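Below are two complexes that have chain A in common, paired first with chain B and then with chain C.
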Partner chain A sequence: MSFITTYCHISADQCSVNGKAVSARDRAASESWFKQIYKEQELVYPKFYKMDSLSQAGFLASELIKRENKGLTGRYKDDEIAMLFANQSSSADTDLRFINSYEHNGAPSPSLFVYTLPNIVLGEIAIVNKWYGENMFAVLPKFAPGFFADYGQILLSTGAKAVLCGWLGVLGDNIEVFVWLVESETNGSLNFNQENVLKLSGFNPA
Partner chain B sequence: MTYIGAEVIISPLGRTTAENWAAVSANQSGISLVKHAGFDNSDLYLSKILDLVDDYKFEKLISDALTAVSAQIDPGILISQRTVVIISSTKGELDKDINDPFGKSIAALVSKFSLVNQPIVLSNACISGVLAINAASNFIQAKIYDHAIVIGCDLISDFVVYGFQSLFAISDKPCAPFDASRNGITMGEGCGAVVVSGTKEIFLNGSFQLLSGTSANDANHIPGPSRTGEGLFRSVKRTLEINDVAPDEIDFICAHGTATVFNDEMESIAFDRSGLTNVPLSSLKGYFGHTLGAAGVIETAASMQMMRHGTLLKSLGYQESGTSKELNVLSENVAAQPKTILKTASGFGGGNASLIIRSL
Partner chain C sequence: MENLKEDLKKQIIEQLNLEDITPADIADDALLFDDGGLGLDSIDALELIVLLEKFHGIQVVNPEEGKVAFRSVDTMADYILKRKS
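What follows is the complex of A and B.
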């Protein structure tokens, strides 16, 4: 059996952990919404400021899940936590900024270019936590709970003991982030299956 | 057991697998000097399909690859509800729709070939192709699907060329993997495909055993390879262990070998730590360039062709050892019947992946 033990949502205006709001966006503030969360939650990882929005979203959600799920990292070996992420628009947000750098700002920006791949967020989370496990990033036409349930179970049956799953919809102000942790060697009330993933996501079934 | 076969390669060396094999076995390269290809109009060496003039190039290539695949398998497989198509790519049809670089091409593929299941796009930088073949194997072993068609495809665009130029990662000559004078990658474009199945009988031209592999993150640095080769070492170690294969059973390594100074050095350290320095090894980037998300599939397909034809391809561009751990890099083609081939890949985001193919 495996269970969804912790989860985090970030929408355009609210950030919540296990369904409880932890940050609300101040639309009047000059700082970006993700930076507001970072500061309000008193996270300390200066590299956050260099990340693109996709990586910031994944970083914030994974840090808030770790904070809520005490002792998470100590329970597993460094290669036993896999990551399975997906979204619909790949790294489009940063791709647009990179194109802008060479079309309008004189030269292609290397610091933007390195973020023009959707799997970079997995690398960033791996670096923060020293996680050496399996990683996968899929680009899907819409949120697909069945994909996460199927491949999540595959990861759990091929060596992983926990899977950090995530849907990272981040395109401009269109923010639909849902990250959840699945653990196999624990007890819980939320079975990891397609129905519960869909229900917890809060996304409308298409 | 999981089987792999029906391999397809489309590249500047040819639109069919046979044309590609004829070229690479004669050590011809798809790399040419392309005028005004770089930022500021510089000329660049690229492995570019110069006669690919279709409006939707990505869609054209994946469609051609699927057509070529379908001629090599039981005709019912393509439209079976037990079949999934997995696409590995970094940028898809980026030039056409930056917000949705895969949507239109995939929808066209589904419609044209009457695919039952929604294809899955895997986008994990340069390990996408190897990861996709491993995912195919995992889906089949978990009995979620019975057959998977893996198509890897990426195009050369201003976007990727300018990006790699901005990192000073592009070679000023055709790339020379593992060579002492290597100084960067040569970008490539192309498309590869393989079919993975639990049923040997679907393959019209024979197949190989696929020993499902693993991936591991370096947890080190975003664009730079690990100095200790940690992720690649871990991936290779686990792939060998879970398949109960000893290092001395590996007859050939189809390495990633991008020809950047740091990547090839990292691979040499990882292979040394894995006890694989004596195994004959080549990088195929000198033939196809670095085709990013397609590389793992094209190079696995080429490895299968080596097994079919009894020829190990030399590592084109290699002359003199240029890594701190000396590898057995092939400087000539070798007539051999390899039983077991290890394929590896490493990429941005710290990803590393490996798989094993074995003759039946």
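What follows is the complex of A and C.
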């Protein structure tokens, strides 16, 4: 059996962990919403400022899940935590910024260019945590709980003992982030299956 | 010269998104790519090349020149003045 043990949502205006709000967006603030969360949660990782929005979203959610799920990193070997992420818009948010950098700012930005692939977020999380487990980032037509349930079970049956799953919907101000941790050697009340993933996501199944 | 160094520090902070750092935190002779200095990486080096072109109209075409020029704010300022003279 495997269970969903911790989860984090980030919408355009609110960030919550296990359903409990931890940050609310100040629309009047000059800083971006993800930077507001970073500062309010007192996270310390200077490279955060260099990341694109997609990586910032994944970083924030994974850090908040780790904070809530104390001892997570010590419970598993570095190759026993897999990552399974997906979204609908790939790295389009950064792709558009990159295009803008060379069309309007005179020169293409190397630091934007390196984020013009969606799976870079997995590398960022792996680097922070020194997680060397299997990982994949899928670009799907819409949120697909069945994809996560099926692929997650495959990962758990082929060496992983935990899977950090995530839907990272980040495109401009359209923010639909849902990241959850699945563990196979812990007791829990939420079975890892398609129904519970959909229910916890809060997304419209249509 | 001092104005140029101050401008360079502001431009480095802006171009490299070093949000926790102020110009006063960057010593003129601090090694930019050393962990004891700013701890910049290879992508940052590319951003510095873009910075020189964008703000100072200077193209760095010889990698060996870049190695010396990007050692510190002092060396960047020297390099800019040399190229413009």
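In the analysis below, the second predicted complex is superposed on the first by the 206 of 206 C-alpha atoms of A that agree within 3 Å, B and C clash if a C-alpha of one lies under 4 Å from a C-alpha of the other, contacts with A are read in each partner's own complex, and residues count from 1 in each chain.
Going forward, a residue touches a chain if its C-beta (ideal position, glycine included) is under 8 Å from a C-beta of that chain, and two chains touch if they have at least 3 such contacts.
A quick note: this is a predicted structure, and the numbers were derived from the prediction, not measured.
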{"item": "Partner chain(s) touched by A:158 [first = chain B, second = chain C, both, neither]", "value": "first"}
{"item": "Touching partner for A:49 - first (chain B), second (chain C), both, neither", "value": "second"}
{"item": "Touched partner set for A:114, first chain B, second chain C, both or neither", "value": "both"}
{"item": "Which of chain B and chain C A:59 touches, first, second, both or neither", "value": "neither"}
{"item": "First, second, both or neither for A:105, with chain B first and chain C second", "value": "second"}
{"item": "Chain A residues touched - chain C or chain B, whichever exceeds", "value": "B"}
{"item": "Contact residues of chain A, present in both the chain B and the chain C interface", "value": "107-110, 114"}
{"item": "Contacting residues of chain C [partner chain A, same complex]", "value": "16-20, 43-44, 46-47, 50, 53-54"}
{"item": "Interfacial residue positions of chain B with respect to chain A in the complex", "value": "39, 90, 92, 94, 98-103, 106, 118, 120-125, 131, 135, 138-139, 142, 144, 158-159, 162-167, 214-223, 230-231, 234, 238, 242, 348-351"}
{"item": "Residues of chain A that touch chain C when the two form their complex", "value": "35, 46, 49-50, 105-111, 114"}
{"item": "Contact set on chain A toward chain B in their complex", "value": "78-79, 88-90, 92, 95-96, 98-99, 102, 107-110, 113-114, 116-120, 122-124, 126-127, 129-141, 144, 147, 150-151, 153-154, 157-159, 171"}
